[in-house]
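Heads up, there are several structures right after this.
After this come two complexes, each holding subunit A, first together with subunit B and then together with subunit C.
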Partner chain A sequence: MSVNKLKYFFAVDTRYVLKKLMILMFPYTHQDWEVRYHRDTPLTPRQDVNAPDLYIPTMAFITYILLAGMALGIQKRFSPEVLGLCASTALVWIIIEVLVMLLSLYLLTVHSDLSTFDLIAYSGYKYVGMIFTVLSGLLFGSDGYYVALVWSSCALMFFIVRSLKMKILPSISSDSMGMGSNAKPQLRLYITVATAVFQPIIIYWLTSHLVR
Partner chain B sequence: MAFTLYTLIQTTILCTNAIAVLHEERFLSRISRGVDQGVGGFGDDPGVKVQTLNLIRSVRTVMRGG
Partner chain C sequence: MSGFDNFNTDFYQSSYSVDDQNQGGYGYSNSENPYNKQYGQYDYSQPTGYPSPGMMQPQQPYTGQIFQPTQTYTPSASQSMYSNSFEDEPPLLEELGINFDHIWQKTLTVLHPLKAADGSIMNETDLAGPMVFCLAFGATLLLSGKIQFGYVYGISAIGCLAMYCLLNLMSMTGVSFGCVASVLGYCLLPMIILSSFGVLFSLQGMMGIIITATIIGWCSFSASKIFISALAMDGQQLLVAYPCALLYGVFALISVF
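Let's look at the complex of A and B:
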């Protein structure tokens, strides 16, 4: 958990952020999901659009908290304690999700290079979807909220499955060990799918009380 | 469901305590009987059960002070 590792995640520029936000909202046309390496070290987000970063999740988290305060203020339900409660609820859900992911990756001995910060990054990308959902709920009412919820859930599920598939599932190139590992690819698939399915649930949970 | 950080800390402490107070004879030895006598899982990856038992044992070692 060194500062250098953290610096890697914040080495972003405008072009990367714009492209990444586009991919998060519309991942269906993105072709190449491989994270590129350069002599064993992964490329920084500035050079590789598939690399996870922590800038977008952090900014999205803060924006979500501010947006929640604004939404509650519009409905005259605001008070400063509610803001703190909202922030800590969202933070606790991130921590729970990262811990469950770490635990399941450990139990199934998945030898991937997913560090803790990568998992925090991937579970923080859902805040972009949440912001979009809350905004359209505020602007277009209840119908807009549900449409945006469905849209961002599908986009986010697709994004998570495609991104994690490269890292968790074993390479399907050559099946040298066909014996005994038959339960493994299934369980790894279950982890990926469970992570993906968890995203819309938590998006709905954390935003429905803001848009009545 | 409004979680606070205090709730999370409380939950982790209670779960860790639950793992630490599991009874050795009545419970843990029955589960680990069929598991670590024998292969020990070299070569191939150890399975889920071996990993959970390792995790439980290491939590207990740290928590019970050794």
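Let's look at the complex of A and C:
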């Protein structure tokens, strides 16, 4: 948990952020999902567009909170307590998701190189989808909300599956323990798919009350 | 005496160790230990090794003592200046660190967002200008009937803290909290223009939204420009401008609604 490790996740530049946002919204044309390494250390997000970063999730989280405040203000339901409630709910859901992921990876002895910050980054990417959904809901009403919800859920599920597949699944071949390794690929696949399916549920849960 | 040797070795490092050892040592006669005077308790008739500038100002009892040949610790130039007269003292503004020329330069940098900024202007952090701007912002809000000084201060404190953390994580060289607070405070100047508009016209129409968006863009652009040039971050201007825009957006929300 050192500051240097955290600095790795913030070594971003504008080009990376724009490309990553494009991938988050439209991941179907992105070809190469492999995170590149340079002598055992992963490349910084500046040099590799597949590397996870924490700038986008942090900014998206704060933007989501402000947008929730604005949405509630437009509907005349604003008060600072509600804003605090929104913020803490979202934060709690991130913590729960990261803890569940960590626990399942640990219990199933999956040797991946996903650190806690990586998991926070991947679960924070859904806020970009949430912002898009809430904006469409505010601008285009209920229909716009559902269309955007479906679009961002599909994009996010695809993104999570393709990104985590690279990190969780390939570690089978390197350290196969003999007997247990047959059950492993399925369980790992279940983890990845469960993470992906969890995203739309949480997006709906956290945004539906903002767009009535 | 071994005690005296101790005093001598500690003498030039800190006066407080001398003080601690001195508590039990007042039995020594002053002629043996002329350097044993405590920092805070001056007996003006004794020669002393640590004249404090505060002590020396208007009082005259040091008349003959300073120029004694046995005095091994000569006062520095500034202290002899203090002891002489008021004309030789540095001007008050320079002592306080308020440099009007720099303040004006920084204000001009904010007001011309398209001109390239000089990275060295942020070398000394000065909080006088930002304080004035915050108060002016609160005053213009007051003129339109919104008594929200508390919100202004709270949001600026939280925003400065968040920007400080973010900039420390994103830049190669670190940044001090005073520098962040100073830059964000200076770039609040266009927001004052917005809230003065709000006194005269209502900002809730289409025109108001356009003006608000322009001013938020102006504030965050100049703030990010100063940060980029002061911290030598390349390719990250929009990334720094976005959190600044969020912060100034909250200020604009206060002025508009």
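Here is the rule we use: the second predicted complex is superposed on the first by the 202 of 212 C-alpha atoms of A that agree within 3 Å, B and C clash if a C-alpha of one lies under 4 Å from a C-alpha of the other, contacts with A are read in each partner's own complex, and residues count from 1 in each chain.
Heads up, the rule we're going with is that contacts are C-beta pairs under 8 Å (C-beta built on N, C-alpha and C of every residue); 3 or more make two chains touch, one makes a residue touch a chain.
Everything numeric here is computed off the predicted structure, so don't read it as measured data.
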{"item": "Combined model on subunit A where subunit B meets subunit C, clash or fit", "value": "fit"}
{"item": "Geometry of the superposed three-chain model: angle at subunit A (Cα centres of subunit B and subunit C, steps of 10 degrees)", "value": "100"}
{"item": "Subunit B versus subunit C as contact partner of A:Leu107, first or second or both or neither", "value": "first"}
{"item": "First, second, both or neither for A:Leu6, with subunit B first and subunit C second", "value": "second"}
{"item": "Subunit B versus subunit C as contact partner of A:Tyr55, first or second or both or neither", "value": "second"}
{"item": "Partner chain(s) touched by A:Thr41 [first = subunit B, second = subunit C, both, neither]", "value": "neither"}
{"item": "First (subunit B), second (subunit C), both or neither touched by A:Arg15", "value": "second"}
{"item": "Distance of closest approach, subunit C and subunit B, by C-alpha atoms in Å", "value": "19"}
{"item": "Complex interface listing, subunit B residues touching subunit A", "value": "1-5, 7-8, 44-48, 51-52, 55"}
{"item": "Subunit C contact footprint on subunit A (complex, rising order)", "value": "3, 6-7, 10-15, 17, 46, 55, 58-59, 62-63, 66, 70, 73"}
{"item": "In the complex with subunit A, residue positions of subunit C that touch it", "value": "162, 166, 169-170, 234-239, 242-243, 246, 249-250, 253, 257"}
{"item": "Sites on subunit A touched by subunit B in the complex", "value": "85, 88-89, 91-93, 95-96, 106-109, 177, 180-181, 183-184, 187, 205"}
